[in-house]
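First chain written, first letter: the chains are A, B and C, and each begins at residue 1.
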Amino acid sequence: MAKLQHVIEAQQFTLPLIHELFQTADQMEKILERGGTLDYQNKIMASLFYAPSTRTRFSFESAMYRLGGKVISTEQAHLFSSVIGGETLEDTIRVVSNFCDVIVLRHTEVGAAKRASFVSSVPIINAGDGKGGQHPTQALLDLYTIYKELGYIDGLKIAFVGDLEQGRTVRSLAYLLGKFERVMLYFIAPDFLQIREDIQDYLTRHNVWFTLESELNKIISEVDVIYVTRIERERFGDKADIYEETVKNYFIDRETISKMKEKAIIMHPLPRLNEISPDVDSDPRAVYFRQTKNGLLIRMALLTMVL
Amino acid sequence: MAKLQHVIEAQQFTLPLIHELFQTADQMEKILERGGTLDYQNKIMASLFYAPSTRTRFSFESAMYRLGGKVISTEQAHLFSSVIGGETLEDTIRVVSNFCDVIVLRHTEVGAAKRASFVSSVPIINAGDGKGGQHPTQALLDLYTIYKELGYIDGLKIAFVGDLEQGRTVRSLAYLLGKFERVMLYFIAPDFLQIREDIQDYLTRHNVWFTLESELNKIISEVDVIYVTRIERERFGDKADIYEETVKNYFIDRETISKMKEKAIIMHPLPRLNEISPDVDSDPRAVYFRQTKNGLLIRMALLTMVL
Amino acid sequence: MAKLQHVIEAQQFTLPLIHELFQTADQMEKILERGGTLDYQNKIMASLFYAPSTRTRFSFESAMYRLGGKVISTEQAHLFSSVIGGETLEDTIRVVSNFCDVIVLRHTEVGAAKRASFVSSVPIINAGDGKGGQHPTQALLDLYTIYKELGYIDGLKIAFVGDLEQGRTVRSLAYLLGKFERVMLYFIAPDFLQIREDIQDYLTRHNVWFTLESELNKIISEVDVIYVTRIERERFGDKADIYEETVKNYFIDRETISKMKEKAIIMHPLPRLNEISPDVDSDPRAVYFRQTKNGLLIRMALLTMVL
């Protein structure tokens, strides 16, 4: 098994490493069905969260416990530097790495995980660093969900819908999809929320086919994956009418999904606000709650790979 | 052993189920004396608290650890829905049930636990839902304390003292006591804090003898159990004098207990404010700290019954 | 092995007990190298913190997990008494001691740990009680660090630098050092931040040699240990210039350490603000991050001694 040292950004993950990760995640599912393992019962994971993200924290902590390990945990890591003047992230990491075998770090600053990895004596896993930063385990679990639900990734048509401009999830996933053969990416958003040029440039450089659209209806019946993202009211400022129109245009309800391919899937990173109607939940194509379960498997796999 | 699916409200507990629960709790005490068990070491409990209640949370988490299990925990579950617009309880439960084998839910809204049970793929245990809602494990541990201290429940004379109007503990316990034979209930409170009519109607319908009183002294020497509840200053608004008179009238001190039966017991759900004098603590009839221990046993028993 | 009942204050620790503690800590290092032990897997530690101190909490929780034990934890223990009027510390301790085998208590009031020990049915370990109170495990880990790095304590020359007036760490450590033979203590601070008279009196009574200085340069080349403490801006009020001069005078950089003995060590309780230059970190004489690791060993040792 390849030894990962740290999990900092999506860019680290080559195709062979991705395949190995997915195979490990598949094994984790079997381990989970047998009730977990106690193999890691002398290992301690530290959840070092500088801002609360209970969803992500629970996912990692459950993963560690299913592996038999232990967890020390804070969602108030900023208090390490509560003294006037503050403690540097580097000092905190040097201290915490004495107490554990792996650190899961959530931070508010872009690049924090990389900085932590430079001084840590134990592996760092980036659980999100800043709005414009990375959240590689989310991108990996999204990719794994597509692979697991559809069986392959090469050649798939994948639509991203909603606020694509700021979503680090979409950005990282688009990056990873670019490594596969013949994928076709549809970015569906109003102009001012479209995917940024850096990702477009990256895809162009790597000969990945993509298109920018504003209407979902045009492509709904063609694509294999619809990846829906949260549309936050605050992003629209005083344009209340545009906000409401956007929500309405991209709303996924039973009528929308009636136009989808039978084998297509609907994904969402959660929490959802009002992008998807609850009466879609029972449709087999709605995989967003299964995404959560896949997140557990991917995090178990990553923990075994770094430990 | 009967398989409980969820623990939502006191009303679920029939007499046979109560007896089975108490027998299981008795076994748990033996297990505890032997240092706990590792039988549940591949099980994870999620403490999902929408408001802090460290006392209740510690009791459940200690119970799970004594069974060998693991715990993921938050007292800030409201942050699951911190995004503008919020995530529904239902979505949160669907997500969290992927990470664990049982959810202990504390919520601020009446009926939350029932709603959670409709969508959860794992058992839900209600650890309190709203001021006017249910807190069934507290009622069960109170009932178990009476049973354990006195050996039986049928025919007992039980006084409730203090603020009976809002106390969900008293309401649920009165409900459960109504299932036993020939119990006699004394509700001792000032008029405006008396037990509500819905409970009175329930007791009348089930032919349970009860009386409403305002003076504790009248019945102090007759009863087998005095269940004291917290009298909160804020409930009296600007009636400071009535507040002080009430506290004084119902205050339990050495003089009060000198009038009690030798075998009677004094209970309190804790925390106490100034209802009971600390110099009563050492009296063998003061069982309120043993109640806490019994809570641990009942929660261990409930966990084994749902898992 | 001597049975400790509670760990409340530095004063409890006689020379024989200190030696036994250090031997136990040495054994803990070996256990840690083997990946910890599961000997205490049926024991529960409660972290009962009335104010957050994640550094100390993580250290204790990691120690308990390395011993195989379990942990229930709160950094909001004040919420036990959130009800208007409050619950006494004594009542909270009586409740919590039903849920665990040892309580690690952090409190904001001087003397809280001692009060807790009077009513607890399980051992209490003081993890800091008030600014002017005790933090005995910190003092013990500091002492252990000197012993471990230098091999002995008798006859050492030890300088304390910075804000010595309020630092409970320095006060407790000076107290413990007073038990050893022929130590020489140098207290380096501006007048208004000098060590208080009570400690000076104690040292005089016990015939411990000490001197008060304001300049670090005078003694830098003589001493075996430089114990640097945090200099907080707020302690200087409106004397911004004195603050800056103090920081500058006591700043430890590569030039400072070039004057130190080759075998001397630099300690700091952490977090540091701007007392030590980061480019000193890689010098083998900078032991402040190893102090953290020693803290883990001392806490493992104390846990085994009380359990």
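Simple rule for what comes next: a contact is a pair of C-beta atoms (placed from the backbone, for glycine too) under 8 Å apart; a residue touches a chain by one contact, two chains touch by 3 or more.
None of these values were measured; they are calculated from a predicted model.
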What rotation angle, rounded to the nearest 5 degrees, superposes the C-alpha atoms of chain A onto those of its identical copy chain B? 120
For the copies chain B and chain C, give the interface type as same if over half of its residue numbers appear on both sides, and as different if under half do. different
Just how far, in Å, is the C-alpha centre of chain C from the one of chain B? 41
What parts of chain C, by residue number, touch at least two of the other chains? none
Which chain C residues qualify as touching chain B in the complex? 41-42, 44, 46, 70, 72, 74, 76-77, 79-88, 90-92, 94-96, 98-100
Residues of chain B defined as touching chain C within the complex: 35-36, 38, 52, 54-55, 57-59, 61-62, 65-66, 71, 75, 230, 232-234, 270-274, 278, 289, 292-293, 296
